[in-house]
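First the structure, in the form of structure tokens, and then the observations on it.
Chain lettering (A, B, C, D and E) follows the sequence in which the chains are written, and residue indices restart at 1 in each chain.
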Amino acid sequence: AQADKLDDIIASGTLRCAVVLDFPPMGMRDANNEPVGFDVDYCNDLAAALGVSAEIVETPFPERIPALMSGRVDVGVASTSDTLERAKTVGFTIPYFAFEMAVTANDGAGIASYEGMKGHTVGAVAGTYEAIALEKQVQEWGEGEFRPYQTQADVFLALSQGQLDATVSTSTVAMANVKTGNFPGISVVGKAPFDTDYVALFTSRNEYGLINYLNLFVNQQIRTDRYAELYEKWVGGELPDLTVPNAYR
Amino acid sequence: MFDTALTTADLMFLAKGAGMTILVTAISVAIGTALGIAFGVIRVQFGAALTAPLTFVLDIFRSVPLLIQLVLANAFLGMVLKLQLSGFFVACMVLSLYTSAYCAEIVRGGIDAVPATTRRAARSLGMSWGQDMRYIVMPLATRVALPSWIGLALGVMKDSALVYVVQVTELLKSTQILITRLQEPLFLLMIGGAFYFLISFPLARFGGYLEKRWSND
Amino acid sequence: MFGYTFQWNQALARLPKMLDGAVVTMEVAVLSMLIGIAFAILLTLLRLSGSRPLRAIATGWVEIARNTPALFQIYMAHFGVASFGIHFSPFVSLLIGITFNNAGYLAENFRGALKAIPDTQTRAGRSLGMSQLQAFRYIILPQMLRISFLPMTNQMVWAVLMTSLGVTVGMNSDLYGVTQDLNALTFRTFELFAIAGVIFYIITKAITLSARLIAARLFRY
Amino acid sequence: MIEIQNVHKSFGHLEVLKGIDLTVEKGEVVTVIGGSGSGKSTLLTCINGLEPIDSGKILVDGVEVHAKSTNLNKLRQKIGIVFQQWNAFPHLTVLENVTLAPRKVLGMGKAEAEAIAEKQLKHVGLGDKLSTYPSRLSGGQQQRMAIARALAMSPDYMLFDEVTSALDPQLVGEVLETLKMLAEEGMTMICVTHEMAFARDVSNRVAYFHKGIMAEIGAPEQLFGDPQHPETKKFLASVR
Amino acid sequence: MIEIQNVHKSFGHLEVLKGIDLTVEKGEVVTVIGGSGSGKSTLLTCINGLEPIDSGKILVDGVEVHAKSTNLNKLRQKIGIVFQQWNAFPHLTVLENVTLAPRKVLGMGKAEAEAIAEKQLKHVGLGDKLSTYPSRLSGGQQQRMAIARALAMSPDYMLFDEVTSALDPQLVGEVLETLKMLAEEGMTMICVTHEMAFARDVSNRVAYFHKGIMAEIGAPEQLFGDPQHPETKKFLASVR
């Protein structure tokens, strides 16, 4: 039989993961500019399970799929929302993480809640779940402006500069960024009433063997409590439930 | 004036990015120039009609944003042809072709500037086409083309800032990575900009000097 | 034979949106060109002026525009100047960035063009009683614009291509931004960007062609 | 009346005019001859204030050209000047070349300016070239257009700086004819020229310049027939 | 011996040579005169194979120039040609201009090539200009250098195409002297020229070209003194 991706990875001895590195705490760089974060550890775990070494390939949000499609990476461990539209193109695993969405505002804008963003200039990272939802919301409100930036860093930079009044991001990112103290004058002001953003690993759509393996891996991470361990290490607090009530997957 | 958290390690990181910028530029300009000379010579030698397809293809590289060229080449080579190529390879490939498209025009202009009678004189002495090209046309065309070529090389260096889309961490990307961590956009951007300026400016001036000198005789 | 199945209808269904983006791209390019030409003329005059500081400012502008990446200039126009509390929308930032670049390159072209206009032209104008400004406006400027018409066309093409860098400052209504958003939604990278490439190609060809027509009408001498 | 009084003028270290004195009366035609670099062109550009002078005075109708208070743009309207070459504005038609200054400087209306321009262009024999661009004209026609352009400002004085020396020999005649016609109409003129026959036939006085000095001036018969200054003799011998 | 047999040649629709027959013997000097556009230059470039021909034959020492099997680069080594202008390779010194072909085409060593080049340059009077660049030479010197460059290949034939017509009058003489010297040394030459005196004094035969046809050929005394063809008469009348 023909060797599939899973065989290729094992044979090559290297697992190449697409990871977004300006998305703390999921992916970021330490003082030596080396990649660290939840997704980085997750990729390392996966590589260990496969018995190969891991290679982290930094991909900004908009470049995740091109990187996969061009064969530059084997798997995306990149906090990627599993939308149906995207699933027409790539193959998603079961969710490996779930985000709540939080609103972070510039203190000068006087925004206290999600609704308070109406009429303001808001932004998010281009190509993310929250960006797509927020842009739709702004259109519905019919006032204010939506701006997508290329990276999470640019979003928070714009927010702290006052170019944006508020942003919606995953609550983990929001907390992590506010905590660094790099961005003076911003605070988390509330939750965004979006559906829970389930994110999944992804690979080529027709690599059933690999997807099958990844599904089991995600499941094993939870069973062995490694998921909880990593969550505590990078995020902290209440562990999000990765299952959906009344559904199988 | 600047109170910065920038460490020497970070400066090394920037220097690495700068090294990548220079490497990508050097490879692309080298290959692109070689190709550009070939394309330019072919265009002059075989005339507009015969080389129309080549002209059309080269024209595309000058009419579509480099960003899109990179994304498309990346997607096409990887997704469609299923080639396992590094981002570095794709970046160099696209930039080389991009360079060659501009270079072909410059070469064509240079060759056209060599008077036909000078070439006839060479052939009349029994020189072959290749000898005429090598000893007469190329040295003369170089004088006409070199200033524009320097401009092109510098342009490619600046445009190489876009290869971040194929996961190559060059100077501007390194700067952005540090901005992400350190949140000192203005200071870091100034450093990045200054670096480009320091490479580009002296060379650009040199090009201008050559132009002035050679336009006199 | 390819491992990838093209789904052109998925992408083509989004063509109207992309064409809207193309209109915005043209808007930015045209505006940046018009304002850029105005500034380039100003820079040219400043570089000819007797005042050292004014000359230095103009030269600084030209050299920075020509010796740093356009991406850097656009990024600076948004995030850089915001460090001083000056905020521009993505559209305006992109416009400023490209205009800055256009003006720098064009000013350099204009300077070359001026060298090609004989001194006696100004003298002839002044001898007829024109002021320095009138002589520039009615005699030198039209000739300068004619000589630099081809470089101006090239710069216009550049301006169109540069709009693709707007995404770095939060722009998503231009052709590249629209394409990128659609890509995020559908992940049909190849098809979407291929279509965008074709649209860009058509735009630039249209520019070169119409420039040729305009030149033929405008410059009958 | 143009009065030039002890004018000195240097470019850097090079003294180009070393004390020139010359008075040109209304209706007079003065021709200036002399070797290359002797300062003839410089003198003309000083008269209409295109070049500053170092010392001395130039008075045009009693107004001091280089005085701070003088409105040069106004003064130049009464002094027409035509140069050796590059006179035509290449981006304008012949008619536009001639109407530009009347419209922009004098603020004339389009119709009025065109009427005057047409009259002057017919005067110099270019009545059929109104909508032609200068690049389509011969060198001689371009020079005549430049003359018409200057005349359209109704100047009181005309300065000509070797207006025929960039022309092919067969075109020289038509331009000289035009100058002659102007002289006969009573225009006050200073002509720098190498055309000795013209100088002899048309001018009231001929001045010979040598290295920044007006070595000799006199009626043409006298200067050509019996030159006093040794340099004049040498020069005249060399051109004949 | 150069044999030209019924040669026809067109550029597009324009027939430039309409059946030329001409044989030039060893040691002979043939001068070609004729109006502009009559095909003189074209004939020369056909002789050394720079231009293809449509029909007919050109034989040089019995070798057919336009035969497929002919090695043109080799053939051209024995036919030197000098054009009206732009002969010099501007990026090379005078010496390098002359040594280039002997070294690259004949594979000569540097020393040998330079010895020959110096000899030829002295021969044409440029012995003191060896390391000068052509831009520093007068037009006449450049043409003499081009002659030396052709001679350095030891050609059996020399073709000259109006080598003096782009020169200032005072430089024409020195180049013609050089041609005369070559003729006296017995070189076989075809000279296209407008210099009638030269044609008369130096050539064995003079050919008159008119609109692609060799209207008349004969000894100079005969052709100049008693032209047969009406066009020849007209032409000679116009140049005198």
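What to note about this one:
Just so it is clear, a residue touches a chain if its C-beta (ideal position, glycine included) is under 8 Å from a C-beta of that chain, and two chains touch if they have at least 3 such contacts.
Keep in mind that this is a model prediction, so the values were computed, not measured.
Where touching is counted per the definition, the chains common to subunit A and subunit D are C. Without subunit B, the contact network of the other chains breaks into the groups A, C, D | E. Across A-B and B-C, the chain pair carrying more C-beta contacts is B-C.
Taking the CA centroid of subunit E as reference, the farthest chain centroid is that of A.
Comparing mean CA positions across the assembly, the chain most remote from subunit D is A.
Subunit E has its Cα centroid 80 Å from the Cα centroid of subunit A. Centroids of subunit B and subunit C (each the mean of its C-alpha atoms) stand 20 Å apart.
Once the centre of each chain is set as its mean CA position, subunit C and subunit D turn out to be 45 Å apart. Multi-chain contact residues of subunit C (touching two or more other chains): 4, 79, 83, 189-190.
Shared interface positions of subunit E, i.e. residues touching 2 or more other chains, are not present.
Within subunit B, residues 71, 75, 79, 82, 185 each touch two or more of the remaining chains.
Chain pairs that touch one another: A-B, A-C, B-C, B-E, C-D. Interface of subunit B with subunit C (complex): residues 60, 62-69, 71-72, 75-76, 79-82, 154, 158-159, 161-162, 172, 185-186, 189, 192-193, 196-197, 200-201, 204. Remark: subunit C residues 2-4, 63-64, 66-72, 75-76, 79-80, 83, 157, 161-165, 176, 179, 189-190, 193-194, 196-197, 200-201, 204-205 touch subunit B in the complex. Of all residues in subunit D, only 45, 48, 50, 73-77, 79-81, 83, 85-87, 89-92, 100-101, 104-105, 133-135, 146, 149-150, 153 touch subunit C in the complex they form. Residues 4, 7, 10, 78-79, 82-83, 85, 87, 89-90, 167-170, 172, 177, 180-181, 183-190 of subunit C are the ones touching subunit A in the complex.
The residues of subunit A lying in touch with subunit C in their complex are 61-62, 65-66, 69, 83, 85-86, 88-90, 123, 126-128, 131-132, 145, 147-150, 154, 157-158, 161-163.
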